[in-house]
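Next, two complexes with subunit A in common: one pairs it with subunit B, the other with subunit C.
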Partner chain A sequence: MLSFLIKGVFRDRHRYLFPLLIVSSGVLIMVFMLALINGYMDSFIRQNAGFDTGHLKVVTAAYSRLLSQKPYDLGLLDIQDELATWKAAYPQLDWVERIHFGALLDVPDNLGQTREQGEVVAFGIDLLSSGRERKLMHLDQALVSGRIPSQSSEILLTDSAFRRLALKLGDPVTLIGSDVFGSMTFRQFRVTGSVRFGVEALDRGAVIVDLADARGMLDMEGGAGEILAFFRNGSYDQKAAEQIRDDFNRRFGDMETASSGGTQTGKSAIWEEETASSGGTQTGKSAIQSESSAIRDEYAPVMLAMSDQNNMGYMLGMMQYLLAIFSLVFIFILGIVLWNSGLMNGIRRYGEIGVRLAIGESKTQIYRSLLIEAGAIGFAGSVLGILLGLLLSAYFNLKGMDVSVFSRNSSLLSEDIIYTSVSLKTALSALIPGMLSTLLGAALAGMAVFKRQTSQLFKELET
Partner chain B sequence: MNKQIVQIKAMSKAFPTGEGEFLALKDINLSFESGEFSGIVGPSGSGKTTLLNIIGSLDVQSGGEVCVLGHQVKELSARESAALRSQKIGFIFQTYNLLPVYTVFENVEFPLLLLKMTKAEREQAVLKALDWLGLSDKQKSRPAQLSGGQCQRVAIARAMVKNPALVLADEPTANLDTENSLHILDSMQKLNRELGTTFIFSTHDQKVINYLRRVIRLVDGRVESDDLQAGV
Partner chain C sequence: MKRLFTILLLAFSLALTAKYPDPASILRAIDANTRFTSLKSTTRMVIKSRRASRTVSSINYSKGDNSFFSEYTSPPRDKGTKMLKLGGNLWIYNPGTDRIVQISGNMLNQSVMGSDLSYEDFMEENSLLQDYNAVIEGEATYDKREVWNIMLTAKRKGLSYPKKRIYVDKERLLPLYEQWFSSSGKLLKTVRSDQVSRIGNRWYPKHVVFKDELKEGSGTDYYVDSIAFDLKIPDAIFSKGSLKK
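Presenting the complex of A and B:
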């Protein structure tokens, strides 16, 4: 019976064409939108992780409370031994040290007098000993002119700053700031190139120098403002990140003493108090953010997951929420359209339904068969829509989509070009709404079968 | 003696109207035996279709008793009446009402699908029915490719394929020319004689009436006459 019904559906163009087009168009749009949103999320995570948050980040407790200000004077000092321990404890992570600091960039004229000055955000990253940071910050792709620094005392500028300050490659510039102890400090660099990240928030004015130069300038030998950790496979796994964070804070933070029940020290007091008041497992984040407690060891290391920083947890959650809303709206709108289509189809097939009732099909059987037909159309339409959606997404995965108009003047770290993220899982997730909307439409339209007076069949069938 | 397959006693049927009720059938007392070739004749509005609806368990009477193939029509649930139609009653309509997207074979096969017969059983029954009606060479055609007479023969095959005890035919020749009408009537008469299937017609076509062995004349919802026709 099933094959008989499905055969009938696909032989009748009027019966399947419109619903098929509607479902496949809707599913195509949905697959593409999901791929676009996922692409944006991937890009958002990648950008934020690479430029700022890492998948995980270790800072001092004091630094963590002023995280957005990047207070390098509250950074991690002499942490090379600890870092070696952490690397051994979490072999699944790659670690990089960074110093972010604000500075004044002074551009001298031929006489050595100030020609231009501008405020910049400086990134002290490891440019010389490995290529890791070049990859994380996409420096090679971002390079507009010149080259990446290859020796000490070389500097990269964002292209907008490079142009604004009318610089040329090889020009000397001076970074003026204050060191970790608050004394004025400055250091001369030579401009080797300019970069454009396609991230408005960074491109406004940033400079990149080697970490060793930054350490020397800021009197932070062996130290770092923050240490970023990345999963070696490159993908952010929130659950795993939160587990590592909790483990790290228990093992290497103040939690260790508190949870072991050992002798109370200045370090452990805060954690013990927090744990007791919450009555359960203490996470690093809530402990750090608690206003009610005073942290005694301001320089104890604290690990933060990406979701703990810059409202990232909220934003990622919000994106998931929007995806769910998008799916529901899709089902609702498509369901309404297909309901209407089902009603029109029902009118056209009035005679057929009548004769089937007369032949001996019950109304329930006919209703069920309408749902089966709708399921077949929904499945075929969804598969078609998924294939077309994948094709469209694959195109924009290769070519990218320029969304710079939306990110202009934005402080969010997001790329100007979004590449759709195509995955079979994403595509298949559109199958369910595609099927559901078709079945919903047919279920609503098919109710008319039950309102039909069987006794009127002869009259209807003669007209 | 033939078995009675339809018994109607003091049956009436009323339809609600804005001003009260309209009595479409009044005090009907009829019985049909298996193997009959009968017709309900009368002018439009006389109640022919209403009576056929009730016999076919598509509707229920307002008063009296109607027993079809051992089932009290009024006591049947919707599901039971559908099962009765599916298993034991065949319908033939004025406008054929074939399913246009299916082939002749599939149209005739459809009632058997409802009976959950195996594919081999269905194929055997369909081919036999088509052979009976001279449609063996048309089994792969669609209804749109057939003439009116051929369509009506397919409809007859569809009604007959499940070997029903009773076939209800509502104005089966109304859309056919004389030649096709006579051909159809010959086919139905042959089926009646050779298979013993009971036919009850609703008609006002004299060509059909000429074929009937029993003519029940309805006027204003009452049986005016119930005669056997000599020589048919």
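Presenting the complex of A and C:
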């Protein structure tokens, strides 16, 4: 019976062509849009993880409270032993240490006097001992001129800063900033190249130096502003990240991680302050104790998942929400169009349905057969749409889509070229709305069958 | 009756005014204590940040309001760093890079060696009489000393602190406690002076606590270990050439 119905549909071009075209175009658009949104999400996660958040991040408790300001003076000091422990505890993660700091870039003239100055954001990353950071920050792809630093005291600038300061490769520049204890600090570098990340927020003015140089400049030997961790398989798993975060904070959250001097000073400073304000009374003391247990060691490590940083949790949630809304809107619109198509079809098949009713087929049987036909068309149209959608997505997966016009004034980290993310899961997720919309259209249009009066059939068939 | 009331009111206000001395004369006396033709001092800044406390020592030379030269002598990381102010310009010499860098623009707002003082504070000229209008708002006792409570408002635009409240020792005519405000009235810094001693014909504090009210920490203690006024200081010190010497 099923094959009879399906043959009937596909032997009558009028029955299948229009709905098939509608469903396949709709599914094509949906597959492409899903691939584009997923591609954007992947890019967004990859970009933010690589440049800023990691899949997980370890900072001090004090640093975490001012996370967006990246207060390296509240960073982790002398952390190498603890880092080795964490690496052993979480072998599924790759770890990188970074220091972000604001500085003044001073360009001298031939006499060593200031020729140009500009404020920059500096990234202290491990450029020399491994190629991991080069990969995470896409440095090789981002290189516009020159080369990546290969030895100490070399610096990369973003291309816009490089041009603005009228620099040439090999020019000496001086970074001026404050060390972790507030002293003014200077360090001389030689420009080896310029980079463009395609991320407006970064390209405005950033410099990249080796982590060891940054440590030396900022008096942070063995330390880091933040330590980023990445899943070794490269993809972000929010549930796993949150589990690791909770476990880490339970196991290591109260460890004395900062240099003992720093930690001690921090603690005693709090005590002195509180004692002074309490006036040394008993009530004051108990207040101090409860306050102290809440504050604990402000230089103790705290692990944050990507979703805990920069509103990323909200952004990722919004993306999922957007996808669900998009699917619902798609089903609704396509359902309406196919309802209309079903009604048109109903008019064309008015006589046929009348005859079928007249020879004794029940209305429910006819309605069911219409749904089966719609299901067949929906399936065929969805499969066709998926194939076409995959082809289109594959094209943009290779070539990419330039969206720089949307990110020009944005401070969000997003790539200017978005590559669609093609996956079987994405494709199959469009199959259900494709089928559902066709069935919805047929179900609505087919209701007309139940309005036919058997007593009127012959009269209708005479006309 | 009305005339009598007016006369009484006038007399009362005159009596009130007469209660306080001329504020300009107080500012003049303060300037006489704090301004100089030249100065040489050795000082220590104890900078207490959230993380640690450290002491920065320096030897300083000044000529009038416009010329200032300072060389840091400790800690080792800062030793040899020199700072020169000439009029409206400020240069820093860093021995590690052997570079002289001009500090300008936003950098002037930065803290000096992590202290509660900014470079802009160093750039300020010193005369309260020239820069501020004063109103005596009352009397108080501060640190067991009788003080005038004086509100200062800037006479000209461009001052880092358009409003200041100073509590001036009535006898020694030296501010013991100062509050420095923005034009909107936000408290930016406080300055506490103590260990006031007689140096020649002036009163001068040997210990000053600067507190940047916009940042955490308990302030910067500024100790004057030795000071001499109105010396002959060679002009060559106040030149860019002296930075690299």
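Note that in this section the second predicted complex is superposed on the first by the 423 of 463 C-alpha atoms of A that agree within 3 Å, B and C clash if a C-alpha of one lies under 4 Å from a C-alpha of the other, contacts with A are read in each partner's own complex, and residues count from 1 in each chain.
As a working rule, a residue touches a chain if its C-beta (ideal position, glycine included) is under 8 Å from a C-beta of that chain, and two chains touch if they have at least 3 such contacts.
Please read all numbers here as calculations on a predicted model, not as lab measurements.
Using the contact criterion defined above for the overlaid structures, shared-chain residue A:Pro91 touches neither subunit B nor subunit C, since it reaches no partner. Contacts of A:Gly354 after superposition on the shared chain: subunit B is touched, whereas subunit C is not. By the document's definition of touching, of the two partners only subunit C reaches A:Asp106; subunit B does not.
In the superposition on chain A, A:Thr174 makes contact with subunit C only, not with subunit B. In the superposition on chain A, A:Ser362 makes contact with subunit B only, not with subunit C.
Once chain A of one complex is fitted onto chain A of the other, the partner contacts of A:Leu74 are limited to subunit C, with no touch recorded for subunit B.
By the touch criterion given at the top, residues 1, 4, 7-8, 11-12, 15, 351-352, 354-365, 454-455, 457-459, 461-462 of subunit A touch subunit B in their complex.
Subunit C makes touch with subunit A in their complex at residues 47-54, 56, 77-78, 81, 92, 94, 96-102, 104-107, 110-115, 218. For subunit A in complex with subunit C, the touching residues are 62, 73-74, 104, 106, 108, 112-114, 117, 119, 174, 176, 178-184, 186-188, 219, 261-262, 265-266, 269, 273, 298-299.
Listed in rising order, the residues of subunit B touching subunit A in the complex are 49, 52-53, 56, 58-59, 78-79, 82-87, 89, 91, 93-95, 97, 99-102, 106, 109-111, 113-114, 158, 170-171.
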